[in-house]
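The two complexes that follow have chain A in common; it is paired with chain B in the first and with chain C in the second.
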Partner chain A sequence: MYSNLEKTPRHLLVCEKSNFKNEKSRHGIHVENHYFNYRVSVLIPECGALPAGLSTIGSSFGKYYLVKNLPVYEIVEQQFLDLCVKKGSFYALSYNTRIDQDNSAALIPAGKLILSVDKDTYEELGLEGQQSQYSHKAVMRHIITIDLTDASFAPGTKKYKRVIWALKEKKPLACDFLMAWHPSGEGDFSLSSYFAKYQCKEHTPSVSTKILRDIPSPVISGGELKGKPEESCDSQEFLDWLGAASADIDCNNEASSFLSTYCCPEPSVVMGQACLWTVTGFLLPEKIYMLLEQLRHYFDEPKLAHWTTLTVHGFADSPVSWGVAEHGFHKGGENLYNFVIFRNHDYWLQMAVGTQDGCPP
Partner chain B sequence: MALFGDLNIVNTTDKRKLKNVIETAAHLGYSTVAINHVVNLQEKKQEIGKPTCVAELFTSPPTVQGKSKPIKIITRLTVVVSEASHCNELRTTSPRTRLYDLVAVHPKTEKLFHTACMTLDVDIIEIIMTEKQQFHFKRPPVNVAIDRGIVFELVYSPAIKDSTMRRYTISNSLSLMNIGKGKNIIISSGAEKPLELRGPYDIANLGLLFGLSEGDAKAAISTNCRKALLHGETRKTAQGVVHTMKKTEVPEDKEEAPASKRARTDDP
Partner chain C sequence: MQRDVCLNIPPNHVKMLDIQPHGPKQAEAFVNSFLKHTMPRLEGKDIQKHLRRKAVVLEHAFKKKKKNKKRKTKSLSAKERRQMKIFELKPQQQKYELFLPLHELWKQYIRELCNGLGPQVQPMMIQTKLLKADFHGAVVTVVKSKCPSYVGTTGIILQELKHMFKIITKDDKLKVIPKCNSVFSVEIDGFVSHIYGSKFQLRSSERSAKKFKVKGTIDL
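Then we have the complex of A and B:
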C-alpha cells in the first residue's frame, strides 16, 4: 500500500562537460533553444564588487511588454506576422495562466504558435491538436501547434481562414501576454504602439547584487565531472550546494537550525566573499548568450577564482521547455540550466527538469 | 488537469466568517468552492431550506491567486441520513433539492450506503471521518456508484483538529481505497474557519497518505471535482442533452389571442 510513498515524483538532471573552444560544442544551441527565461543568476567567487562588463550587459537586457487581455488572433493575423514575426525573433508567453489548470499560449521565434488548452476549450475551438503526453487516466489537456511561417498558412488559404475563424468567432481566447522582440535587421516596429488599444505596459528586467561572505564552497575540477574522492566534488553535489548558496541557506549543519541540516560537500574551502548577481524578468536567449560570452572572458585577466557559474531558470508555467518539448506542472515546474565556467575555457552544463517534462537535449 | 476545487465549505450564519474562508480559498489557488448546507433530518424540525444567495455574499468575488479570473462559488446540500424515511427528500422529483447546484448524502448505516450508491439521485457520497466506520465497504455498490458517476468524498478538516480523528480518517480512507481503487474520489476541507484550509498541492500530497497514486491524488482535487460539478448540472437536464430555460413572457401574445377569438365569432 505504501510502496508509492517511498518514491518521489521523478526529476531529471543531465550533466555534460566540454570546452568552449571545441567546434562541436553545443552551448550556443542549448541557450538558443530555451526560449522563455525568467531569472539569470551569476555567482563569482572571491569577488567583492561586480565586474564592469556584467553591469553594462545587465542594463542592456532590453525591455519586455505586458499586454492585458489580448485576443490570441491578434498575434496570428497576417499583418502582425509580416511586420514583426518574420523580421526578427518574437517571443510571447501567456501570463497569469497556470499550465496545469488553464489555457496557455506561447509563440516561439521559429514562428510556431503553441496552445495548451483544457478539454472543454479544445472541443469548442475545433482546431487539430495532440493529446498531452502527461495525461493521467482521462485526457484533460491538448496541445495545438500552428506553424505560422508555413507556406500553407498564407492569407486566403483554408487553413488560415479556419484558424482565424476559430480564434475570433468560434471560441475567442484572450489572456495577458508577456512579449519581447529581437529585430534581426533594421526595424522600427514598436510593440507598444501596435497594441496601443489594449493595456500595454513596458517593463525592464530588475537587477540585484548581493555579496556573500565567509561561505564554505566545494572544490571542483574541470576535468572530473564525477569528482574524485578526497580531491574534488561531484557535479550533482555542486549543483545542490549552488542552490543552497543562492537561496542564502546556511550550510553549517548546525544542530539548532530548524530550516536545514544541509552541509557543504567535502572537500571544501571557505570563500572570503562571493558576488551573486541576479536579473529577473522576461529575458531573451540572445542576451543570455552575450552574457555567457562575457563570463568566458572574465578569466582573461588573472583572478583568484577557479570557476564562475551562470544559472538560468525557465518559467514554471510555460507550455514548452527546450525547443518544442512539452512542459507540464505536476508538483513543480522547474526547467533550468547551469553553466560552470573554468579558467581554461572548460565548462560543465547541467540541465534539470521536473516531473512532467521530457529529457533535456 | 482541470481547475482546483474545494467542494465542502461549511455554511455559517456569520457572513463575515464565510467571506474570510472563501477569500482564503481564493488566495490558496482554488478556482471553485461550494458552500455546504448540512441538514441532519434526525433532529426535530429540520427542513431543507433555500440556499444562501451567492450574489449577496460578494459584490465582486475575490480573484484566484496567480490567475485573472474570480473564484466561482456554488451551493451544495448535504443530507445526513440515518433512517430510510429520510431518503424521500433525495428522489429526483423533490422540489427543494433542485435549488442547489450539488446534492450530497452522508449515510450512517450500511443499508443506507447501499441505497445511496444504487438508487438515490445524488452527486457526492460523503464518507464518515469522525468515527470508526461501523461497516465495511462492499465492491458491488461502490462499482455501481462509480458507473453512475457519483463521487466519494473524503473530508480532511477533522484530521487537522484532533489526532484520534486523524486515525479514523486514514483508516476509513484506506478501506475505501482497497475497494474502489482510487476512482471517483474527491478530497475536500469541510472548513469552518480559514485556518482549516490547505493548499491544493498539499492536499494532493495528503492523498498519497490515503493510498492514492500520484496522478490519482492530483485528480482528486481537480478532475474529479469537475466530474461532480458536471454531474450536478446534468441533474437538472434530461440525460444531460436537453435543458430548459425559463423564457420571459412576451406581451404581444396577449393581443393575438383576442384577435383569433374575434375571427371565429365573425363566421355566421
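Then we have the complex of A and C:
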C-alpha cells in the first residue's frame, strides 16, 4: 500500500556558506544567472515595521509587459535585436505554456533564444536542436538553442534566413510572452510601443507585507552549516522551517491539527514579531541584487535580529533554471534559492531544484 | 595423451632455443587467459567443451555451397549499372530549367490517369491512383522529418530508388533524400497529398503491384 509513497521524486538541495566581503564570493554570479524570477520574499525577525530602504526598492522594481499571441519571429528579427537586445539585458519568457506539454520559448540576456518543443513541432519546424536530457526511451521533447549574437547570425546569412523562414512560414509559433528590459546606458526604447499591434499590457510587481507574531524560530549560527547538537540547527531544517513560516503553517504539533504535524526544530526561541515582505511578478536579477545589497546593510545599525533571509522563487514552467541548464517539470517545477544573511556579513546560500533539473552551480 | 602434450620442455632444448620456460602452473594460467582473450564470449567451461568434445577435422572438410540467386529477367546487376554510370548527371546537365518539361509531362500523365482533375473529383480516388503511379518528374517538398535539416527541400524527382529520392532543387543542386522517417508532399492542380516515406520503401516498378493497408494516423 505504501509503495507509492516510498518512491518520492528526487530533489536536490545545495547549501554553501561564505562571507560577502570575501573576494571569491560568488553570490553575485548566482543571482545574475538565475534569469527568470517569480517571487522574492524577505523575512526579518524581531521587526515590527518594514525598513524604509526595502520599501523604496520595492517600488523601484521595474515594469514588465505581457504581450498576447506574439509570433516568435518578432523577437528574432534583426531590427528588434539592434534596438533592444544588444543595448541592455532583455528577458522574455513564454507565459501560460506548460514546459512538459506545450512549446515554450525563452530569451536570455546572453542573446540566446531557447525553444523547448514537442516531437511533432520539432519534426515540422526544421531547426536543429538536441534531445531533452530528461527523455526516456521515446524522445518527446527537444531543445533548440539559437545564438542571436553570433557573427554567423547576421541578416542575409543562410542561418538567419533559415531561422526566419522556419519561424515565419514553415511553422509559425506564437505564444504569450512576459518580457522585461534593463537598459545598459541611455536607452530610448519602449516595448509597449514596439509591440503595439499585439495586445501589450504593462504590469508592476505586486508587493505585500505581513507581520507574524509569536512564532517559534530555530537558533542558527553563521559558522555552523550542519548545526551543533544542542546549540544551533542544521541549514536544511532551517529551510524547512522557513517554508512553513512563510506559508503560515502552525508549527506547534497539536494532535487536533491534521494538516501539519511539523514542529519547529530544536533549539528554538520564540520571536515576538517578524516581518514577511513579498514581491510577486516578473522580476529582474539586477533588482534582486540591489535588494540583497540593501539587506546586507540592514545590520549596519544594531538590531535585535541575528539573521534575515531572502528567498527567490523561479518559474515552474521556464525552460532554463541557472544559466542554460535545462529545467523540466516532473511532479513539481521548483527552482529556488535562499540567502540567510548574518550580522557579521556571513551568509548561507541554499539552492533547491526539483526532479528534472541539473545540479545548481 | 594429455600428459605428453603438457610436458615440460627438456633442459637441453631450453639452452638451444634460448627461451625461458614457464612453470606448469604459470603455463596453465597463460593458456587460460589466452583462450579467454581470444574467445571472449565463452566462459571457461564452454571453452573446455569446445576443445575436448569436438573433433577437429583437418582434411576433407565440407565446402560451403554458395547459393546463387537466379536472375529471372535479363537485366543488368547493380554492380554493372554503377560501372556503366547510366544514371550519372554531368554538371552541365544539372540545371533545373532542363527538367521543367519533364515535370509538365508528369502532370499530363497524372491528369490522364485520374481522367481529368476537376472540382467534383474525390480525393480518395486520386490517392489510390497516386499510390500506383510513377513519381519521376514530380515536384516534391519535405514537410516533416526526423532530421530537421531535410525539412523544406523542394525539387523535381529525377530518380526513385528503393530507399531514396534523387532530387534536383531550384538552386541546381542534386540532393539525395532518404525516404525513411520523412513526410513528402506532392502537389497537382491544387490537390496536395502527403506521402509517408517510411511506408513507401519500394521500387516504383514494384509499387504498382502492392496493396497498401489503411491506417488511422501514422507517427514518424
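As a working rule, the second predicted complex is superposed on the first by the 356 of 361 C-alpha atoms of A that agree within 3 Å, B and C clash if a C-alpha of one lies under 4 Å from a C-alpha of the other, contacts with A are read in each partner's own complex, and residues count from 1 in each chain.
One rule holds for everything that comes next: contacts are C-beta pairs under 8 Å (C-beta built on N, C-alpha and C of every residue); 3 or more make two chains touch, one makes a residue touch a chain.
The structure displayed is predicted, hence computed values, not measured ones.
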Per the contact definition in the header, classify A:Tyr122: touching chain B only (first), chain C only (second), both, or neither.
second
Chain B versus chain C as contact partner of A:Ala247, first or second or both or neither:
neither
Does chain A have more residues touched by chain B or by chain C?
B
Does the superposition put A:Ala52 against chain B (first), chain C (second), both, or neither?
neither
Thinking of the overlay built on chain A, is A:Val270 touched by chain B (first), by chain C (second), by both, or by neither?
neither
Just checking: does A:Arg98 make contact with chain B only, chain C only, both, or neither of them? Give me first, second, both or neither.
first
Quick check on the superposed pair: does A:Lys170 touch chain B, chain C, both, or neither? Answer first, second, both or neither.
second
So in the superposed three-chain picture, is A:His330 touching just chain B, just chain C, both, or none of them (first/second/both/neither)?
first
Please identify the positions on chain A that touch both chain B and chain C, taking each partner from its own complex.
none
Spell out the part of chain B that touches chain A in their complex, as residue ranges.
1-4, 31, 66-68, 174, 201, 204-205, 208-209, 211, 213-216, 218-219, 222-223
How about chain C: which of its residues touch chain A in the complex?
143-146, 148-149, 151-152, 220
Which chain A residues qualify as touching chain C in the complex?
120, 122-129, 165-166, 170
Taking the touch rule as given, give the residues of chain A at its contact with chain B in the complex, in rising order.
1, 4-5, 9, 69, 96-98, 100-102, 118-119, 136-138, 140-141, 175-176, 330-331
